[in-house]
Amino acid sequence: MEILIQQLVNSLSVASVTILIGMGITLIFGLAGIVNFAHGEFLMIGGIATWFFVGMGLNFFVALVLAMVVVGALGFVAERGLFRFTLDRPMNGFIMSIGLSVILQHVVVRVFDEFQKSTPDPLNTVWVVGDVHIIAMRAVVVAITAVVVAITYFGISRSRYGLALRASVADQSTAELMGIPVRRYVTGVFVYGSILAGLGGALMIGLFPITPFVGSVIITRGFVVSLMGGLGNVNGAVLAGLVLGLVDGFSAGYGYPEWTDAYSLVIMIVILVVRPQGLLGGTLGPKAS
Amino acid sequence: MTLLTVEHLYTAYGAVKVNHNVSMTVGEGEIVTIIGPNGAGKSTILRAISGLLKPKQGAITFDGRNVTGLAADRMAGLGVVMAPEGRKIFADLTVRENLKLGAYARKDQSGVDADIELMESYFDILATKRDAKGGTLSGGQQQMLAIARGLMARPRILILDEPSLGLAPVMVKEVRSVVAAVRDKFNAAVLLVEQNASLALAVSERGYLLQHGQIVASGPIEELRESSLMRELYFGEQSAQAGE
Amino acid sequence: MAALEINGLRKAFGGVIALGGVDLSIPDDRITGVVGPNGSGKTTLFNVITGVYPPTGGSITWHGEDISGRAPHQIARKGLVRTFQQAMSFPGLPVKENVQIALERGGRQLRGGEPRWHSPEELLDFVGLGGRGNDDAGSMPFGNLRRLGVAVALAANPVLLLLDEPAAGLSDGEASMLADLIIKLPGMGIGVCLIDHHMTFMTALCQRLIVLDFGTKIADGTTQSVLTDPKVMEVYLGGEL
Amino acid sequence: MTMEFLNLKMPMVRGGSHAKAGTDPHSPDRRIEQIVFAVALIVLVAALPSLNIGYRFLSIAITTGYTAIALYGLGLQFGQAGIMSVGHAAMLGIGAYTAAMLSNHLGIGFWAALPASIVLAAIAGGLVGLPSLRVSGQHYIIITFCFCALLVICLTNGGSFTGAATGLDVGSIPRVLGINFDKLFNYYYLVLGALAITLATTYAIMNSSYGRTLRAIRENEQLARAIGINVDMHKIGVFMASGAFAGLAGILQVYYLRHISPTLYGAFPSLYLALMVMLGGGRLLYGPLIGAIIVNFLPEVMDLNPVDSRIAYGVALLIVILLLPGGVSSGLLAIYRWVGGLLVRRGSKAGS
């Protein structure tokens, strides 16, 4: 039982990172129609930036906020400088994002090096509840993610901006007729998704070491989660992230860890073929206006 | 007072030219219609006016201000609001959310709430189906919602693109009375595009007859109704001769 | 029995009924017109006949063979070839190649015999696009694009050619040139079934008109009788006019 | 609008190689041009080893050669039929591992393994192509990526059967007519021969009615169906052809490297193959070859380290997509046509 609870917290902390990345992918796809392949590199840069700022002597959580700012700015530049030119040709945007992911990886290698990097455990505490030992950092990761998910969820389902966002995802030109500045929403969503990736990266390096090549692993998981949930469907991404995190956690703990990645890939192929709009109902991308 | 002026408008989709040298006006509180057969370029004029399509040439003036080429969201903010062809209700959003979206450009929250109530009292169906998804409404109910959603912006001019499209005859009659109410109750001018000539002729004061992207006749609606050009456009030359 | 027999054809998209039980018989030796207001189900009719959508109910029989639910390319190979309102050409390819593809890979003739056209140039001459063979299809003016659409469909060797609004967006001159082209087809052994709104165009071409409204047939007969039918007048102009 | 909707499925950017009237690469005069160019190219490339170039250069040329062969498969699939893949290295891997496993477990050598590699990669190509009948655009590309990642996991977890993470070794190619393929020069000619066959096959496909059919599918799937083309069958066909080329490249690679491991066929090599075909341009005959030459020789010529050269490829890809949608080959062709046009104009002026 104790092991089960510990395993659960561990799985949830890994799932948190997956959820953050999946939410970003799903939001950006829903509105901009681009599957951003470089989103995993955005996360990696979030982690590396955190490592860098911590190395400069900053507190981990200050570094985390700075990393979010850095990656948010990166998202802004990528959207305004690259992806806005391919909005009417999502395939080109997708291929361009592959190029961007190669560039970002190797720029990081160039500036730093290709070896794995880690930060000292930011909390360095183990909470003991009864017989259960919980590593504090893992619990904090789960808590932060829960807060971010809640903010995003309420922002989308309750606020005026969220309503306008949902309308824009459903039908861009009609949304424009309502007076909604859809172009600005596209940029906004791109930046928000990037900030989530930055946060995910920072939390990840708080849990375990990462290399400049972690992005390609994490992007696959992000795709699985966003597709399972339905592209453009944030609630779906959260649910799918939890499911995947648990499956992964338990398969790593009790099953065949070397096949862990294969599960998600097979799940993804099956979903794409059977229900390309996602399990929980999503979109196949914005309608051309 | 002239509210909207279109001068020498040319439009095209890529290499495909649609409108040639279209000039027209809509006065304050006036109901104006553009009639013409399918493919004549009626909707394209509306897309240019509402900002969904950038004109190739020509000028559009609204309330004394040059608005040529302004994006649709800016036009809506100015009070030029279009209920698009095919209604384009947000199918996954509730009726009420659809109405709220119509008022996106407005800042007065209390006014918006009051207007939602006003719409619900005027269109009963919007009150009874308040929390239903827009996609579950019938075609006629969706058309009412589309018009009400447009009115939520408190437009100075409401542009209706084929409001009778795909509606049963009894609903077409209802659209007719709603169009009149847009002007009388909500103080907006109406620019209407219709393929259903009888509806257009019944509600409008003035009209423009469009053929192959050009205006071929215009004037008070009674004159258009009597013109042989009108019959010819809809039934071909033979029938126009037979009818004389 | 006519070449194409349609019985009780129904097509629903979710709750929306696009075709509500249509009975039609269309011969393959003359020009038949289908008219009706926007949203009356004309294009859906073509889409169901040519296999783009499976029918919800009813049957489609082509020369005695039930073809409902077949794949589009199978139906095309039986000599039922259609054109589209929008997607008329292979835009990135030269005009000649557009036609050549259809000549090589297109449908087969039901009645055998010599191919009508031996080269893309011959067919392009026939539709009035001679000398345009090396142009890029996507950059042609609209009128030429419509004619290319007809040429590509003809190259696929139809027995019955289904034309979806071929005159939409054309000028009077272009439309009458297209009409001159279409009117020759029955004499060459190609039947035509035509959707259009352009009434001048339709009355010039068709001896018989079928009128659809709300997915049902409301009139079917000679062009003159249909045009004076009060029900049709109601649909088009409303009762008062 | 329908046209725009269709464009989502057409990956190449506006216009592409056929953007301007009169640039049809299949007209007779262009064919003569292409053949003359091919002969000149082959003579030049065949003469290279006699120019006393270094072994390093030769080995890069061999790498370029088999990479180009694989790229011709992707070029057919992407350039002609319009379906991109970021899992093409997996096809290469099937070809390479088929040969390596036949050699290790059954003692079957190069020549007998050659058809097996090609056929198995073609079958794998067809299987990976199956989802494309339901899924298109970015979604399908992600599927190809998944297949590729799955293959790597299977190879890594395959134990002694696949050599696991360390991979497998193969021996040398048996002599034929006394030719020793252990000599780099001879291996170079072997790859060159295979490349020539690949080029000729590609040329034949592009100019056949089959090639036109593929382009029709790329340009307008709906219309293609409506004129009687069995789109699904031809899509699977082009995936199989694409796999076959990759299989040939794979076996040439394994017998050149003598050792292979799963990482050679994972996500990254796949991305670089996609990048090379985009860079060179998939629609023109020489596009894939140009892409392979640029990517393999650029670091050498510009003296870049691997990290910098990868950054350079990425930047080049962005530039190509934003500015030169038809790839470098169509850019070169445009310049060539432009220069040719100038010359013709000057000539006609002088004549009149």
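The first chain written gets the first letter, and so on, giving A, B, C and D; residue counts start at 1 in each chain.
Going forward, a residue touches a chain if its C-beta (ideal position, glycine included) is under 8 Å from a C-beta of that chain, and two chains touch if they have at least 3 such contacts.
Model, not experiment: these values are computed from the prediction.
**Q** As a test of understanding: of all chains, whose mean C-alpha position lies farthest from that of chain D?
**A** So the chain farthest away from chain D turns out to be B.
**Q** Write down the chain pair with more C-beta contact pairs when A-B is set against A-D.
**A** It is A-D, judged by the count of C-beta pairs in contact.
**Q** How far is the middle of chain B from the middle of chain D, if each middle is the mean of its Cα atoms, in Å?
**A** The answer is 53 Å.
**Q** Approximately how many whole Å separate the CA-defined centres of chain A and chain B?
**A** Here chain A and chain B have centroids separated by 43 Å.
**Q** Go ahead and note the Å separation of the Cα centroids belonging to chain A and chain D.
**A** 33
**Q** Measuring centre to centre with CA averages, how many angstrom lie between chain A and chain C?
**A** Between these chains, centre-to-centre, one finds 50 Å.
**Q** If you look at chain D, which of its residues touch at least two other chains?
**A** Residues 1, 10.
**Q** Residues of chain B that contact two or more other chains, please.
**A** If we look for residues of chain B contacting two or more partner chains, we find none.
**Q** Which parts of chain C, given as residue numbers and ranges, touch two or more other chains?
**A** Each of 139 in chain C touches at least two other chains.
**Q** I'd like to see which chains touch which, written out pair by pair.
**A** A-B, A-D, B-C, C-D
**Q** Give the list of chain B residues in touch with chain A in this complex.
**A** 50-52, 71-73, 76-77, 81-82, 84, 88, 90-93, 97, 100-102, 104-105, 149, 153
**Q** For chain D, which residues are in contact with chain C within the complex?
**A** 1-3, 6, 10, 12, 15-16, 18-22, 24, 26-27, 209, 212-213, 215-216, 218-220, 222-231
**Q** Quick one: in the complex, what on chain D touches chain A?
**A** Of all residues in chain D, those touching chain A are 1, 4-5, 7-8, 10-11, 13, 84, 86, 131, 134-135, 137-143, 145-147, 149-150, 153-154, 156-157, 267-268, 271, 274-275, 278, 307-308, 310-311, 313-315, 317-318, 321-322, 325.
**Q** Inside the complex, what are the residues of chain C that reach chain D?
**A** Touching chain D from chain C are residues 50, 52, 71-73, 76-77, 81-94, 96-97, 100-102, 104-108, 134-136, 138-139, 152-153, 155-156.
**Q** In their shared complex, at which residues does chain A touch chain D?
**A** My answer: residues 34-35, 82, 85-86, 88-92, 94-96, 98-103, 105-107, 109-110, 216, 220, 223, 227, 258-259, 261-262, 265-266, 268-269, 272-273, 276, 284-285, 288.
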